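Here the chain labels run A, B, C and D in written order, and each chain numbers its own residues starting at 1.
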Amino acid sequence: MKKLINSVDSVVTDALRGLASAHPGLRVDRESRVVSRASGPRAGKVGLVSGGGSGHEPLHAGFVGHGMLDAACPGEIFTSPVPDQMITAATAVNGGAGVLYIVKNYTGDVLNFELAAELCADEGIEVASVLVDDDVAVRDSLHTAGRRGTGATVFVEKIAGAAAEGGAALPEVARVAEEVNARSRSFGVALSACTTPASGRPTFELGETEIELGIGIHGEPGRSRATMRGARELVTAVMDAIHEDMPLSGDVLVMVNGMGATPLIELYVVFAEVAEYLSGKGARVARSLVGDYVTSLDMRGFSVTVCLLSEELTRLWDAPVETPALRWGR
Amino acid sequence: MNTAVFARWVGEIDRTVRAEKERLTRLDAAIGDADHGANLERGFRAVTQALADDEPATPGALLRLVGSTLIRKVGGASGPLYGTAFLEAGKALGETPQVSVTELTRALEAGLAGIQRLGAAVEGDKTMVDALAPAIRALAGAAREGAGRREALDAAASAAVAGAEATIPMLARKGRASYLGPRSVGHEDPGAASAALMLTALCTAAAASDEPREG
Amino acid sequence: MKKLINSVDSVVTDALRGLASAHPGLRVDRESRVVSRASGPRAGKVGLVSGGGSGHEPLHAGFVGHGMLDAACPGEIFTSPVPDQMITAATAVNGGAGVLYIVKNYTGDVLNFELAAELCADEGIEVASVLVDDDVAVRDSLHTAGRRGTGATVFVEKIAGAAAEGGAALPEVARVAEEVNARSRSFGVALSACTTPASGRPTFELGETEIELGIGIHGEPGRSRATMRGARELVTAVMDAIHEDMPLSGDVLVMVNGMGATPLIELYVVFAEVAEYLSGKGARVARSLVGDYVTSLDMRGFSVTVCLLSEELTRLWDAPVETPALRWGR
Amino acid sequence: MNTAVFARWVGEIDRTVRAEKERLTRLDAAIGDADHGANLERGFRAVTQALADDEPATPGALLRLVGSTLIRKVGGASGPLYGTAFLEAGKALGETPQVSVTELTRALEAGLAGIQRLGAAVEGDKTMVDALAPAIRALAGAAREGAGRREALDAAASAAVAGAEATIPMLARKGRASYLGPRSVGHEDPGAASAALMLTALCTAAAASDEPREG
C-alpha cells in the first residue's frame, strides 16, 4: 500500500492541517475535529452541520462556506464522527435560529448524531435532523438499516444551505432538505476496490474484467458482481436501476461522481451517455456536476445521482455558493 | 468481583482487541468497511488512558467510565452501541463494591437492552447481539443452577463464541452488512466476534483474580 | 485494462460529447475538435488559445471561459493537436486584437503550434506564442528539447486570461504570460504509472515500495526511481528540487496537483507539508489550489507548482474567472 | 519509378505500420508516451483514404499529398516531422512522372533537411534522423557506384534498420526521450524504428513492381 501520508494514525489530522492552510475561509479546530466558517455564525441564520467518516473528500469539509454548510465533523476514515464533535459544531454555528444535522443514513452516523442531538437539546440548542438515503442499490425494508446516503448529500447540503442563507426558519430548511432527498436517487459502480490505510489491502479483489454494481462509498462490495462492458451499456444498467425506482422526467439535476481514482476524461464519457439516456426518457439535464464530490479513497469507479428539480429547488441550486469544492455566484 | 477484577477485564479486552485487530478488520472488510479493529483499538486505548487518569472506586463507576469513553472516542456503529452497553451495565451496578454473578448478569442484561434500544437489532440479524444474548442467557442459566462463578463465566464465554460463529450463515438485517443482502451470508459478523472477545476476556480476568496472590 | 469508455478510438470524441452536455457555457465543435466560449469572441479582446494532448483533464478545455481561455484544442490522448485545430480556434476567437497561443514545451506541441502560427499569419491573423516550461525535473540545455510544460500552464492561462479580459493588448498579455512562466517551477512524483487506452498496459511498472521522482504528465518515467517514504520526506525532496532551481521567498501561489488517481485527502496531507516547508523558507502561501488540474489519466501521484507572486500577478489571479474547472468572483 | 510504385510504397507503409503498431507503441512507452504506433496508424489510414479520394498524377504530387495529410491528421512530434519530410520530398520531385534513384535520393535528402530544419536534430540525438541519414547516404553511395535500383534500395533499407538499432545505446537529446537523460540509454528510438519500416516498405514496393505482370 503506497499512500501519501505520514502515518496511518495521523492521516485525518494531517489532512486537516492541509485544509487549514489551503482555505483561509475555513476555521479548522484540529483538537475537537470541527471545520467551520471562519466568519463564524450569523445571528438569526439556521446553522447547517454535517459530518461522517473521512475518506469521502471533498465531502463534507469541502462544502463548508457561504451558501452551504456552517460546519463539518470529519470522523476517522470510514468511521462516523463522535457526538462530542457534533455538539461542539452545533454550539459553534448556532446563530440562535437552531441547527440542522444532515446525516447520511448509516447506523454509525445515525446513532452518533442521535446521541449528539439529545445532548444538544439538554443544552438548549434546538436541533433538527434530516436523513439522506438515496442509494437505490440497497433494497429497503423496515427490518434493515435502510438505504445508504451517498451522492444526494451534496444536493441536500447545497440546496438546504441556500435556503438557510436566504433566512428560512429551521422547519423550512429541514423541509427543503427532506424534499431534495425525496427527489434524489443514486447508483454506483466500482472498477476496483479502495484500500484503507488501516487495513492496507483492497477491501475486495476484482479480476481484469470484473466490476461491482451497486457499491456504496465505504469500499463495501456492491449488490452484485458483473463483467466489464462499454460505457454506454454500463450507464444503461445504472440509469435503469434509478429510473426503475424513480421514473425520470422533466428538468433534472445530474451528478456524475468519480469515486476517487477515476480519470476526469472517463467521467465525461460517462456523462455523455447519461445525458443521452435521460433525453431518451424525455428528461432534460437542467443542471449538472461532473467530477469527484463524494469519493471512496482510491476506488476506481463512478456513481450517478439524479434529482428531479422543481422551480424552487433550481432557484436554490443556482444561489451563490462559496466553498472549497463548490463555488459560483461570488 | 471487585473493582480490580473489572479493571483487569478492561485491560484484558484492550490486550485482546489489539491482538485480534487484524482479524476484526478482515471480518469487517468482507461485509463492512474494514474499520472495526481500528475502532475498538482506538476506543480501548482511550479507555485504558481514562482509567489511569481517574481510578473509579466501584465496578459500576468503572463500567460507566468505560461506556462514556467509548461513546466519546470510537464513533461508527460499535462506539455508541458498546458505549451504551457499558454505560447501562454500570448504571445497573450502582455503587456496590462487590458484584455477584447474579448482579453481573443483570448488569449485562441492562447493557444488552441498551444496545437493542439504540440499534433495534434482534437475534438472527447478524450483529453483536447474536453473541451477547446467548452469552447472557448462559450466564443466567449457570447462576440459576448454582454453578460457581468460574463455570458460569466459562459458559457465557463459550456461548458468545458459539453465537459469533452462528452468525456465519446468517443474512444480515442490520448494520453495513445488510447492504450486501444475500452476499452477507458466509461471513462472521465482526461485532459478534468482538463481543465474544470481550466475554472471553471477562473469564480470563476473573480466573486471573482467583489465582492465589503471592505473599 | 478497465476503462469507462465505449472504444479506444472514440474516447476523445465521446468525452467532448459529455463536455458539451455538461457545460452550456462551452461551444464544442467535435468535427474540428475545438472547444470555445459559447459567448463567442469579444471585439477588441485578445483571444487566448491553448491545447495539447488529451488525458490531462481538466486541462485545457476545463479552463475555457470568462477570465481564462477563449478556446482549447484537444488532441488524441497524449498527442498534441494538429495545426488545423489551432487555426480553426484562432479564427473562431479572434476579436481583432490578435491571438495568443499558450504552448506547453513538448516537441510535438511546439512544432504543430509553429506550423499553425505560420498559416495564421498567412491568413492575416496576428498570433503570438508563449512557451510554458516549468518542470525542474528536466535538466535544461541548448541541445535538448528543454523543460516540460506542466502545472504552471494553469497559472499562465488564468493570469494571462485575466490580463486579456482586462483589455490588455497582445504584447502585454504575452509579457504577463511569460512572466508567470518565468516565476513558476514544478516537480512531480508518481506512485503508479498510467495506462493509455491505446497501449492497454501501464507505461512502466513500480514495485510495492517504488516511486518515480521527476515524472512528466505523459506517463513517461521520471528522473529517477526511489523508495516510497512518508509524506513529509517526500515533499522535502520535491520542494528542495524546486527551491534549488528557484529560491523560494515572499508571497507564493502554490498548487498541489493530483495526477488523476490520487485521493483528495492525500493531496491535503501533501499540502500541509508543502505549507510547512515554505514557511520554513520564509515564504508565505498567499494563494493556493489543491486538487486535480493537470492530470495524467489514471496515474497515482502528485506535482507541486510554485509561482513567486507580484502585486500585479496576485491581482490578476484574484480577478473573476468562470470555467468548468476554475471559478470565482462570478 | 512511376506513381504506381509510390502508391504501392505508401500502401506498404500503411500495412507494416498496422502490423508493427504494438511494437512501435511499446518502444514509445519505454522512453516516450506510448502513442507512436497509434499516431502513425491514424496518419496512414488517413493517407490511404486521401489517395483513394483523389489519385495524384505524379510521384511528387502523391508525396505532397501524403505529407500534408500527415501534418493534418497525426499531431505529436512525428506528424509535422514525417509530414514535412514527405512534403519536401514531393516538392523536390516536381511533376516528373518517372523517378530515378538519383532523383529519389535528392528527394529524400530534401525530406531529411525538412525534418532537421523543424526539429534541429543531428545524428546521434536518438531520433528518426539516425535511421534516415545513413539510409540516404547508402542510397546515394550505391547510386554513385552504379548499383541497380534493387541493390540501392536494399542498401538503404539495411542502413536504416542498422541506424535504428544503433539508437539503442544512445542518450536522447531530442524529443520526449531526452527527459529521461541517462535512462533513455538501452532503448531503441520509436521514430527511428518507424523510419526503418518506411524504407523497408520502399524496397518491398519496388521489388513487387519489378515482378513481371501477368498478361
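Here is the rule we go by: a residue touches a chain if its C-beta (ideal position, glycine included) is under 8 Å from a C-beta of that chain, and two chains touch if they have at least 3 such contacts.
Computed from a prediction, not measured in an experiment: that's the story for all the values here.
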Most remote chain, CA-based centroid, reference being chain C: B
Approximate Å spacing (C-alpha centroids) for the pair chain A, chain D: 55
Cα-centroid distance, chain C relative to chain D, in whole angstrom: 33
Where chain B and chain D are represented by their mean Cα positions, the distance between them in whole Å: 76
Shared interface positions of chain B, touching two or more other chains: none
Where chain C touches two or more other chains, by residue: 77
In contact (per the touch rule at the top): chain pairs: A-B, A-C, C-D
Of all residues in chain B, those that touch chain A in their complex: 25-26, 29, 31-35, 37-39, 42, 71-81, 118-119, 125, 173-176, 178-181, 183
List of chain C residues in touch with chain A within their complex: 1-7, 11-12, 14-19, 21-22, 54-55, 57-58, 62, 77, 191-192, 208-209, 211, 228, 230-232, 234, 256, 260-273, 275, 285, 288, 290, 292, 295, 297-298, 300, 302, 322, 324, 327-330
Chain B contact footprint on chain A (complex, rising order): 53, 75-84, 106-108, 111-112, 114-115, 137-139, 143-145, 148, 196, 198-199, 201, 203-204, 216, 218-221, 223-224
